[in-house]
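Next come the structures, one after another.
Each of the next two complexes has subunit A plus one other chain: subunit B in the first, subunit C in the second.
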Partner chain A sequence: MSTPPAVAGRAAERFWANPATRALAALALVVLLGCCFNAQGAFFKLGTHRDALRQASVFGLLACGMSLVIIGGGIDLAVGSVLALVAVSFSLMSIHWGWAPIVAVPLCLGIGTACGAVAGGLTAGFRIQPFIATLAMMVFARGMAKTISSGMKVSTAVKNADGAYHYVDVPGVFRLIDSRVLGGNLAVVTLIFLVCAALAWIALARHRWGRQLYAIGGNEEAARLSGVPVNLTKILAYAASGLLAAVAGMCQAAQEQQGDPETGAGYELTAIAIVVIGGTTLTGGRGGIGLTLLGTLTIGYLEKILSINAVPEASRLMLTGVIIVVAVLTQRRQRA
Partner chain B sequence: MRDQKPSPLSTTFFGAILLTGLLSSCGKSPSAEGTPTSGTGKQKSSYTIGMSQCNLGEPWRVEMNANVKAAADKQPNLKVVFKDAQNDTLKQRAHVEEFVSAGVDLIIISPKEAQPLTEPVAKAMDAGIPVIVLDRRLLGDKYTCFIGADNKKIGRAAGQWIAKKLGGKGKVVELKGLMTSTPGQDRNSGFREGIAGSGVEVVFDPDMKWLEPNARKEMESALSRFDKIDLVYAHNDPGAHGAYLAAKAANREKDILFVGIDALPHEGVAYVSQGILSATFQYPTGGAEAIDMALKILKGDKVPKEVTLGSRLFTKENAAAGGEPLQ
Partner chain C sequence: MASKPEPAADRPPLVRMTGIGKRFGPVQVLQDVSLEIRAGEVLILAGENGAGKSTLIKILGGVHTEYEGTIELLGRPIRPGSPLEANALGIAVIYQELSLVPSMTVADNIFLGRPITHAGFVRDGVQVAQSRALLEQLGIEIDVRSRAEDLPIAQRQLTEIAKALAQDAKVIVMDEPTSSLNAPEVEKLFGLIQGLKRRGCGIVYITHKMEEIERIGDRVSVLRDGRHVGTAPAAELPPARLVEWMVGREMEEQFPRHNSHRGEPRLRLEGFSVAAPGNRTRLAVDGVSLRVCAGEILGVGGLQGSGASDLFAGLFGAYGRATSGQALLNGQPLTISTPRRAISQGVAYLTNDRKATGLVLPLSIVANATLGDLPRLSPRGWRRPGAELEAAQRHAKTLALRAASLDLEVGALSGGNQQKVALAKWLQVKPQLMLLDEPTRGIDVGAKREIYELLNALTTEGIAIMLITSELPELLALSDRIVVLHRGRVTAEFTRQQATAERVLAAAMGEEVRLTA
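This part shows the complex of A and B:
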């Protein structure tokens, strides 16, 4: 961040102190990068942006849940594994058992919510550190995903009793989630993401629960003393994170047309990176869903730009690392 | 965070199916005849084999264990104890040591990496336990027999097949596994050798880290950059499938052919049977061959130090019949 000129002084300082400004600046920078390195015009095609948004949606869903937990002063490492568990469950129910979406979808949402609530309960009720409680859930949910799938991908190739395979159609609900609306210009998963983000925003910014969550993240003891139901509020935040991870899991399964027990490994780190780049502080009490939305776009576009330019994997990792550090440094200035 | 490194190798990275019948010499009781030449020397009515698998997180390795089990189940005198090191070298080392102290009759190991596991295996050999090494190599020669396939050869075969299929020219997208891994390097360099001299041109070759969602993402980039793509060669079948899904979403799947590697029954072979992939090249697990070799060793027969497994090509025409062997 450049030092504001002396004349503009105060106003510019206040302008830059707004985390939304910083998040927008980061996004603008990345988009500018895309305009410069446009891969023979590929960056200017509508389809590129539609795809970038589609790819970012699953991460965005996880990041929304992660924002809630982080604002409440916690962290949720389990989201990637819960995503895998739900992806496998959803595939088993829809592809192998042929259950109707009206049964499968609520059940899957329930599985994710339960995982989140258990992790939240361990943190709030038993005073286990969020890092440890959700780490335990991360390992457990991954194991569960592997157990119910016997370590194999749950795909449209279904094993018969004699060991041979027969093929079933991709379920309609998978096709629906993986389709597009608005004349093919918006992926349904992006729509799902935006709706979920809006709901999370309402809960956080317009509901008493959200205000209490900020209070807990800011100073848990003070919140407790002023009568905030700390445990319940925190458990709800983790449950919401699990719920959003479940939505992400179903989107993942639909886009892969299968339930892969290994899917989503490392996604929690991307989700955390999105939250941080958006400008929500890891110490809790500060931030918001709008910022996370900007963070999602920043990371999503960054990935897309690296991808259309066929940047080698090694350089991508280094670049991503540098950008995360820059974002965190920016945050520190803000607090000073 | 130890479990959290998004290890590329923890997903499928090569695969295969049973090569039943190729080498099978089923049935004879090991106590029937012959003097032992290798370490064991014991002639017993039943044998215990320790199978040390480096990581069951990969479907291909799940398949390998299943192949070992299926072959061993046909032998009433064999009992196989499976251990999964969960991609942890030291855990795998402990497993080998446990097998030695339990006094198993033979060890099959599919090692995670060479250096740290060479010595434990050598100690097992010193203790008189023969060791069959599957898929990945150890250093030196202190093991009984190595069984593995040749990624470079498979990549070359894929390249030649693709050059022929495209009539000697065309634009190809190569979705690479991971260029920091040996299978990725070999499947890349073999393929480039295979298409060398033809008019086949690789226009886009990103890493997709063996992962289907990444492959789809990279393919979307390829589709937005190139109006004409004739074929996608992916280093594994999930990669090819991800590319197909991307092309389908862009309504371009009919103009593009998709070729993968691995040919696991429920993945690549299934995709070929469904007409999604044009071909997949098998990367065999060697599980069944390991049990055949184990029987020979336990009987005291001489076995070759090294067995290179053949690959099979699966296309829609031959998939139901189990594919056709490559040369």
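This part shows the complex of A and C:
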């Protein structure tokens, strides 16, 4: 990358062989699409971009955790359910029980981390395939969310002992998370997402743990025989994914001003799509948080462009499916 | 086909490849290569790794369809467009990487791609009967109903060969077919080859092993850097000349002179046993007692299933705590639990399969070279890329690693350079004892010699080395002493002077030989 190769064709080849280039190209394509179908100039308004970023943030948080697990050679199907479980827990604690954020936030983070660690422990310790272990956690966490909420949305309408409802104020921590900073130009959830992405990037790119995770994803047996603590490293990856799902769950609760036990269904698939569009390979050992950031923007903008053009939900889903395939096809590594 | 045998040279060639050229992007991998495959002969295709042998046979086998030049089969021009088409023309290629479907039975694998069917349904009984007949005819004892994944690698290799022969091919290409066979199986294969020659088949045989070339080769064609260096009858091509053709320079001696640097005792095993992985009731290593001194190379001889590799894996903790008996390193008991623990005590283990268990192919050279030593290179958890790069550069220099950049993925390197990266990883952990299992497997002559020299250099630093190699001349030349294992037990121990190929082989086959006190 640093020295210019002699042959121009070779330079172009190497340029396109870089997954970051291709992820950027996919993003550029989507932005170009937005410029063409700009919905009478709506795409050029600052507010549109702000919203696109805000709406992509929850998915981006899940995708960061998903990247860690996928790079380690696994998959985490539980993130959508963990998000719902934490959204419900956070709402119960903050709205119904009136607990201070200093108690509620760490507890919620703990719940998410524990869910991830258990799923990780099942795959690492008991050799259950990641798909199965996290599928089980996905079902379990969803059931847990429904149990503690009695299957009802946990909102500011609180049921009294006599069966009537009274309304309480939206807790301050909810309003804080749902607010904006920098003169209303940056949503706090986006800020939270960016901070979490930066932390995940640092851990993956600069900490020993990250390098060991790549090694496990690339060749688990070789990593083990090189002295990598395989089980611990994997469990930490799943725990981190659970932790980020918990952060996403609290953001989701704050934005919806309630804890919906049905929320986040299918989010794990969006998160996987983001990771894959970014160029992190599902086989493990390759990829990174930077790529996932690009993938988040690509999917986020795509959703936004479709919505400002009032494309109906049904067509939107079909179109998203097609675009995922196209993006992945263009990213496929050329075989030597 | 069934014609009477006559002198091979008088017959028209079975296959004539003329002016074959092939480029991958900007890289010219083959240039103007011409060769003939005659009926009833074994043509050895020799050359260093990357010389273009595999590409050439992939063109013949219909894998690469874009190439320059022409191919004639019995004087008729052909252009195989797919492996299936090549098969139909009577060309069967047995590739190095096995192409069996693991979850299917041996019989299903033999008829893979051309199943015997009736109205679209596979006639399982007929396939089983025919495969059984075929294997019997070949003298191979394998249950045709067992799944490929349940077979040991040697039997899988034999199945692969049977699969090619089942197609009644006129031209059979074998790419290092003996790489995972033991001595009796190799004999069986050579017997098969003699039979095929009598039937008028032309055989192309790729190998790195000198004794195989001498044993079965009729003619030898040598490729170097994608060009045809020459073809000569095997009898007229002495090993020194062949190596010269392959490397393009004269190599005065195959093995560099080795000086012993024996110091104080490093490793001592007393009644050391290792349970077989997957079957805890069987002992893969059974009561082995031996010692290795600092600066000494202890060769561990033995045929397949001798337990030599299990001894290394067991010592390293790769099988967990499934060991018993006493192991002392520098007089202190060696704690055997995990590879990590072994590394921290100064033990390194180069596995015999660098791609499957040695290297992380998608990661860079730097990442692989420092993977074993990360705890020390990142003391507080945070990595120091500068220190890692420096370490990798240092080893790249000592090992003469040839790579455009140390950020290259290891998967993109040649076999010899990959092995150097694997070695770099173990040099980086500053070991006291190195367990090297097949350090020169599947690498070219030049890289082999560099590794021999490295081993010598390591002994001068006082590192104790235990070495497994399936190439007997290598074992004899490199080892200061040799212990031979048979079914997990030591059957012989030789000094360098006492060891001969015959004695080592006899001990490996189970004869008790005691020469040293």
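Keep in mind that, in the parts below, the second predicted complex is superposed on the first by the 324 of 336 C-alpha atoms of A that agree within 3 Å, B and C clash if a C-alpha of one lies under 4 Å from a C-alpha of the other, contacts with A are read in each partner's own complex, and residues count from 1 in each chain.
Convention: a residue touches a chain if its C-beta (ideal position, glycine included) is under 8 Å from a C-beta of that chain, and two chains touch if they have at least 3 such contacts.
In this text, all values refer to a predicted model and were calculated from it rather than measured experimentally.
Student: Consider subunit A as the common anchor and indicate whether subunit B and subunit C clash or fit when overlaid.
Tutor: Subunit B/subunit C on subunit A - fit side by side.
Student: When the shared chain A is used to line up the two structures, what angle, as a multiple of 10 degrees, is there at the CA centre of subunit A toward subunit B and subunit C?
Tutor: Result: 130 degrees, to the nearest ten.
Student: After the superposition on A, what does A:Ala157 contact: first (subunit B), second (subunit C), both or neither?
Tutor: In the superposition, A:Ala157 touches subunit B alone.
Student: Could you look at A:Ala314 and tell me whether it touches subunit B, subunit C, both or neither (first, second, both, neither)?
Tutor: First partner only, subunit B.
Student: Given the touch rule stated above, what does A:Leu269 touch, subunit B (first), subunit C (second), both, or neither?
Tutor: A:Leu269 sits against subunit B, while subunit C stays out of touch.
Student: Check the contacts made with subunit A and report whether subunit B or subunit C touches more of its residues.
Tutor: On the superposition, B touches more of the residues of subunit A.
Student: Can A:Glu221 be said to touch subunit B (first), subunit C (second), both, or neither?
Tutor: second
Student: Please indicate which partner A:Val139 is in contact with in the superposed arrangement: first for subunit B, second for subunit C, both, or neither.
Tutor: A:Val139: touches subunit B, not subunit C.
Student: Kindly classify A:Lys45 by the partners it touches after superposition: subunit B alone (first), subunit C alone (second), both, or neither?
Tutor: Touch partner of A:Lys45: subunit B, not subunit C.
Student: Applying the document's definition of touch, where does A:Asn231 land relative to subunit B and subunit C: first, second, both, or neither?
Tutor: So A:Asn231 meets neither subunit B nor subunit C here.
Student: I want to verify one number: the closest Cα approach of subunit B to subunit C after the superposition, in Å.
Tutor: In the combined three-chain model, subunit B comes within 25 Å of subunit C at the C-alpha level.
Student: Quick one: in the complex, what on subunit B touches subunit A?
Tutor: Interface residues on the subunit B side: 1, 3-7, 10-11, 56-59, 62, 178-180, 204-207, 209, 212-213, 216-218, 220-221, 223-225, 238, 241-242, 245, 249-250, 265-267, 269-270, 273-274.
Student: Spell out the residues on subunit C that touch subunit A in their complex, using ranges where they run on.
Tutor: 24-26, 316, 318, 338-340, 342-344, 349, 351, 356-363, 367, 371-372, 374-375, 378, 381-383, 412, 425, 429
Student: Over in the complex, which subunit A residues touch subunit C? Could you list them?
Tutor: 7, 9-10, 13, 206-212, 214-215, 217-219, 221-229, 285-286, 336
Student: Looking at the complex, which residues from subunit A come into contact with subunit B?
Tutor: Listed in rising order, the residues of subunit A that touch subunit B are 39-40, 42, 45, 47-48, 51, 55, 77, 135, 138-139, 142, 146, 150-153, 155-157, 159, 165, 167, 178, 180, 252, 255-257, 260, 262-263, 265-266, 268-269, 303-304, 307-308, 310, 312-314.
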